[in-house]
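Look for chain A in each of the two complexes below; its partner is chain B in the first and chain C in the second.
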Partner chain A sequence: MRPIAKVYTALIFLFLFAPIAILLVFSFNSGNSLSVFSGFSLHWYQELLHDTNTLGALKNTLILALSASILSTILGTAAAVGINKLRSRTMRSAMNTVTNIPMVNPDIITGISLMLLFVFAGRLMGLGTSLNFWTMLIAHITFCLPYVILQVLPKLRQMDKSLPEAAMDLGCTPMRAFLKVELPEIMPGVLTGLIMAFTLSLDDFVISYFTAGNGFETLPIRIYSMTKKTVTPKMYALATLIFFAILALLIISNLMDEETAQERRLAKAKRKKERKPLSPQAKRTLALSVLGGAAVLALAVSFAGRAQQLELNVYNWGEYISDGSEGSLDTIKAFEKWYEEEYGQKIRVNYSTYASNEDMYAKLKSGSVSYDVIVPSDYMIARLIAEDMLLPLDYDNIPNYKYIGEQFRGLYYDPNDEYTVPYTYGVVGIIYNANQVDEADIGDWDLMWNPKYAGRILQFNNSRDAFGTAMYKLGIDVNTGDKAQWDQALAELQAQRPMIKAYVMDEIFNAMESGEADIGAYYAGDYFTMADAQADSVDLQFYYPPATNYFFDSMCIPSCAQHKELAEIFIDYMLSEEAAIANAEYIYYACPNALVYESEDYIDEMGEEAMEILYPPMDDFKERYNSYAYQNLSDDILSYMNELWESLKIN
Partner chain B sequence: MKDTVSRQRARVATADRAALAPYTVWAVLFILVPLVFVAYYAFTDNAFHFTLDNVKRFFTATSTVIGSDGSAQEVRTYLLIFWRSLKLAVISTVICLAFGYPIAYIMARAAPRVQRTFMTIIMIPMWMNFLIRTYAWMTILQDKGIFNNFLTTLHLPAVHIIGTEAAVVIGMVYDYFPYMILPLYSILAKLDPKLLEAARDLGCSGWGVLKRVVWPLSLPGVISGVTMVLIPSISTFYISQKLGDGKFFLIGDAIEGQYVANNLHFAAAIAFVLMIVLLLCMGLMRKLAGRRVEGGL
Partner chain C sequence: MKKIIELKNITKSFDGEPVLKGINLDIYDNEFLTLLGPSGCGKTTLLRLIGGFETPDEGEVVFLGQVINDVPPHQRNVNTVFQKYALFPHLNVFENVAFPLREKKVPKDEIEKRVTEMLSLVALSGFERRNITSLSGGQQQRVAIARALIGQPQVLLLDEPLGALDLKLRKDMQVELKKIQKQTGITFIFVTHDQEEALSMSDTVVVMSEGKIHQIGTPIDIYNEPINAFVADFIGESNILDGFMLEDFRVTFSGQTFDCLDKGFGYNEAVDVVVRPEDVDIVSLEEGQVAGVVTSVTFMGVHYEIIVDVGGFKWMIQTTDFVDVGEHIGIKLDPDAIHIMKKSEYSDLYGDYSFFSDEMEEAVEGEVKA
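Showing the complex of A and B:
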């Protein structure tokens, strides 16, 4: 290699590995920030090992990638053999065109189109849940197939056609001739296809996002769902572990290849003309396929077996339940254990997560999933009730409901307390960096429109909350049905746009912690997460503007639930002292459960400042809540808002 | 004897058909039928009655854009979004090609063992989840990020990258770079070195060999690479959200946004138009490349 080529290669590799280096370094961060490094620690690795949900998602991802790549390799290789032998030109080019479609189609279209098909087929067959592991598997096989075929076809074409014919003249069956003669010849192509398929399947997010269903959460979906709370260095730790595992595997495989190459050279030297039926490489692949096949089978069996076992499908926000980190209680595991002790029967909770109310609604509305417990926010609850998508609860099965404070009952979205059990609540406030922002400027929403801080301000990257900030500022009712008032709010947001640094959701954590931005509105509890991780030069503070958003996230049972009573038992358990405190301390939002907010241990643990901010004065709470909370907008206004939002975003 | 041969032929033909049958069924069910569904949703309303409104809306919906000088301007919303997505995707693809071609060439000319190592190195980043990789780029590119710290250490002025088109392009180039290199490499590796020697013997300069021999022969790889980078970058919605500071609204964001807002029919209409345009582009590109590449792009 010439020196210039060496330098060039080094630069390209630097580019390829720069982000990998970043996640490697930050996986050892002792703090919880992804942009402020506060010291070396193995803390996140420990957390990771205790996080059964994340490890479960990893397992799911691997199972999916392994089954999809092996099945698509088998199917694709057979297809390539068939296509290669097609006599008619038209047929061949037709097959090639069809094969190319998934490659020329953006993955978002492949995802949506398959989802539409599955939903339709599910309705046709009268299934309540048509999206599940198997639909994801089909989707993954579908987009992997072309890559396999395109790897295998050229190898087939390069092969001497007389070889398999000779084998058959000598008495081989076509199958035997294929296995003994053709397969070893095309093995390199098959292997590359397998590896590509595995890689693509492992990395896919978009197609999985649209075709994912009940109780089968993959890693990319889990990570995407952390969009409201925050992505922790735990995910980086996981990526680092994966990195080293792959590195080890590749080094081993390279060494083995080296051996085979040497063997081959030796064989050549001896002028042995004997054709090995299968190269060691091919044997390894075969072994792998058999293993993979066994894995798929085992999975199928375990799925079938699970039908006997009690199952509960819970669908919650990302990072919205205590997961056993920092020595806390893993409330899902604790529930499973408690249930078995109490009722003498094993239960399995399939826990999956979503990034927004709207994501969750889109899945439910498609009629292709079945969840037993969901945790929507207030305005979404109102919508679900209006569309008959929630079941009334049997509060006799939820005795712990009595601990929900009186002021948190009979709220507008469920005036007669029929459908919901409040899980968390909170208020939106403004977070600012006191080292940069003048104390005189704080107090209300004007801070987010203050030209003094142009380029340092963050705004919500979700339409409802962003319009909310403008409407509270203007004194407009956030639930107005008057389009002129929405236009007014849009004008306010458009005026703000040149001053905005970024439209953010979870990115706000990074931006505020590192001092990238100085002002941003977010949910009160999250302020403490940011303040904990702030850089030395940053001093984050928080206040509530006079009019601002109050929200509730409540546990509900959707009408697609299959285990209603079980779901009620689960909800009741989540209200029990131990579980409720663990969840409240983990989520860091206010909890409407008296067992929590009156617990001295909890109050001590949270500290005075947190209690004061998280639990605003209660005297006029209900009134304030009912007048400031988001309510369900009519379809007309909702789509009008979306249009306005798009026109703001394209500026 | 003749009988055995014809029987054998028949057996082979049956075997070949048997090999192709499962894939044919699969392709019809899971490749073709879903596309029919996209079209069906694109041309129906919520009650599944035929309508052209969704597609019409794509072409005619307007909104007001306010310029930096405060002047308001009426624009076609989705055409503008589409145009922007196409622009960023084309820029990313050109960069991938410009930087990927030399690497693929270097790889193809290296010793077999080095080739394997290269391949591994290029594939490894793809095994880290792409959401996480994109996240790591945020840490690098932000105003007080690693890159600017590095510049400051060198006493160079800091640059503002995150939230600009450049950041989105970097994200796209990074995520799809391997897709460009791999097909280029597999074509270039198969190039017969004797051809290059012959060209040189016949008086071609180094540049001439590249232009007249290597490049034309590698065109199938180029087309394949361009497709594999252009398609995903045109429709991404995550990269623009994270690295574009939420200020770049691309066609993928529009589709996802409509899906989340439960406007499945309009989402399908956007997808449908996008699909038709891309299929036409790809067909045209292959025609222009003037070479029928059977079996693949």
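Showing the complex of A and C:
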């Protein structure tokens, strides 16, 4: 039995810690692949140090976690003292139950209800935007509070009730009795509560996501919104650092518990031997220094950056702007600097990110935030315009608009060029492993239906894109309102299904890089990321089928914007040569700005092959785009498509 | 003697449950006063009223002529030794004792001096740096006393402070407490349910039950002249019999008339008669005023405790002479062994030892019939 038990324990530990171990190992990877470890390096840690946006998010997260944990510890301790003083048993257990509700309540419900409350309260008070740092702080305090109470209450129960009375008897006022006698007694509980609240606040995503205001982006939200492109390995570095920081906190808190347990044991044994009176003193010092340090930090933080200055709220896709990593330009910083020089006034850009058009739409629709610049995709722009959620732009304020190529103007979603300034565009193509795939088989969508490669093909795990492949193949309009044609496309997807290795989104990077799969469709820009990280046995190549999907992401000003003119200045700056090239090189999608695609420096930097792939021949670009790009589907068709998609995935 | 505390007509109830029902009590300077009674009698509540942890519903707490009903504990010149000592675990011995002085912002060197003195008073010199949790119960007790005394209160309240100690240690601490009280000249108000403790330490004993004071007196008065059956029973062992006074100094009970030392009752007035077990002489049947059968014998060390059936009423007798179970003996009472009390609501509730052992009783009865 014994060896089996050991193996079992080992397996459990493996199961628990393997993910962390992998994260740790790959944070030291010199390459950027998730599957191939190409050598030890601190590269990603250096990268992290230069990523001011991520560090900014980290700072925000720490500010929030510190303030939330300190405030919830103070409030929670006070509440626990109050609950403990209740004479009636039923009242006490009722209070206990009520305070525990936020703990057992699913985060998503807490998040939504808090958001509703804030929006509602904001409307009542006549505020345009109700979500901000303070609402997020309140939300975090709300879910931390029960944990603090849960930690403090048992310590109060264990405490001899006559201790505070004794202190009062010996000359303390009730408040002093609490500070001098009760607090030191319950300090282990208070500290454990503080640490728990801190870690809970640190990694909360769901509730933060619903209650976050514009410009205050926490780390979990930032990482989540990185999923448009892949999560970069510098996040592994960050995660590793955070893991060890939390580990240290945990060890401290366990040591403290150990100490009190030991004291109890000693008391029981009534040991006569002299014992160094280190622990209570040491504990108190530790407690005071932790609290003091935290308080100082929180104060410093709350006063920092409060000077009156202009603010601009930008809401963009994750990793969709050059952020200063790898020696690139930090576009946001550069803008702030440029603006101050140009206009003699300080400006702060609150930059936050989203993971999908739908996320962004929901956030705008809630009416609880105010953004000045957003970067939606084409079909979403059409929808926003239809719902009157965008402001027409004053192109006089955006002189650099003239550099946008002719072929990129008057696109279907904004036919009269009133609302948008194109930011990036991309074209879907097919990526294949030339070591496995016959050159004769390439050229069209047929490759993804070729039985020769059954079990080696990846399909989009996203209804619109997956249907798209079938419809381009069949020559059907991807925006058709004819259900029969959707049925036709479904049949095609069903025929393909047995040959599919997996339905994927981001997982395509790993699968293609490692050679697990040989064929998959994705954006041209992402092809380069994969080719960079491909394993030795893999030779990834790329081609465009004749009919394929095009997308545009464009800068717009939503109707909730509070600084329209500033936003236009910002958009104009994004079109300037320096910023546009930095962004294009960072994002690696095609850029519709002539200052970029005609720049010698840019072309040199990208290389001929990349230029050819990123910027396919453009004579009939507008026509192709307008006929192949996704447009907003009617609700009826949208739900019909989703029904078909479900049936495909289920059967 | 100077009155230091006066309690005037105090009532107090918790959640509609009366705990104190009209308490009147004067406490004098330099007195060792004990509040004695069974648990739940209200004695601790009375102490907490004096300490300032409770306020009376009605009545007044007067301290040196001033009503202090609403004065909070930290402003009263009264300190308390709590039942479980309530020492501060995060402070060492020295800091616990120094606590009240630090609160009063006494200069450092004076604190040093006074704490050292106080620790030597309670025989804890050399324990200054020790952790509270490493001390024995008796040592913790003495730290608590030192801490309560160092602020030089005029009154020290002690809430069953010896309850948690084992018997031997308790006896030692009783002597020590009495010594400390003599040395310091501070008024001690001591709460206990242990009558022996109360008798051996106190100048004045206050016997309480059900929120009322039954009797206030010196230990000797309380023991020898209990005011009613409750007090007689609660303080020591007592045989309490129904009787009636024939005239002054003549009382009839157990079918016999005895000489006694009490007077002032009405003719033929029904009374309770108290006879302490140690005051009963066992003699031969011929010499006895009353005759009975021994139904049980228990060896107690110093003496035997025997139960004697006298016409259905079970007497407890403490004697150094050995008698056997089943033996027929005579009982003789001197006039000073008999104490007469007025009838009260407690009559017939106490003082018969028949509950001692029913089984034994049946066995003996069977024997007698045979």
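FYI, the second predicted complex is superposed on the first by the 495 of 651 C-alpha atoms of A that agree within 3 Å, B and C clash if a C-alpha of one lies under 4 Å from a C-alpha of the other, contacts with A are read in each partner's own complex, and residues count from 1 in each chain.
One rule holds for everything that comes next: a residue touches a chain if its C-beta (ideal position, glycine included) is under 8 Å from a C-beta of that chain, and two chains touch if they have at least 3 such contacts.
All values reported here derive from a predicted model rather than from experimental measurement.
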Chain B versus chain C as contact partner of A:S162, first or second or both or neither: second
If touched residues of chain A are counted for chain B and for chain C, the larger one: B
Touched partner set for A:L170, first chain B, second chain C, both or neither: second
Touching partner for A:F120 - first (chain B), second (chain C), both, neither: first
Which superposed partner A:V181 touches (first chain B, second chain C, both, neither): second
Common interface positions of chain A, toward chain B and toward chain C: 168-169, 173-174
Footprint of chain C on chain A - complex, ascending: 160, 162-163, 165-174, 176, 181, 184-185, 263, 266-267, 270-275, 277, 280, 283-284
Complex contacts: residues of chain A adjacent to chain B: 1, 5, 8-9, 12-13, 15-20, 22-23, 26, 34-35, 75-76, 78-79, 81-83, 85-86, 92-93, 95-96, 98-110, 112-114, 116-117, 120, 138-139, 141-142, 145, 149-150, 153-154, 157, 168-169, 173-175, 178, 195-196, 199, 202-203, 205-206, 210, 219-220, 223-224, 231, 235-236, 239, 242-243, 246-247, 250, 254, 257-258, 356, 358-359, 361-362, 365, 461, 494, 497-498, 500-504, 507, 510-511, 514-516, 638-639, 642-643, 645-647, 649-651
Touch list for chain B against partner chain A, complex: 8, 11-12, 15-17, 19-24, 26-27, 30-35, 37-38, 41, 61, 63-66, 68, 75, 77, 80-81, 84, 99, 102-103, 106, 110, 113, 116-118, 120-133, 135-140, 142-146, 162-163, 174, 177, 182, 227-228, 231-232, 234-235, 237-238, 241-242, 245-247, 249, 252-264, 267-268, 271, 274-275, 278-279, 282, 294-297
In the complex, chain C residues that touch chain A: 51-53, 72-74, 78-80, 82-84, 86-92, 99-100, 103-104, 129-131, 133-137, 147-148, 151
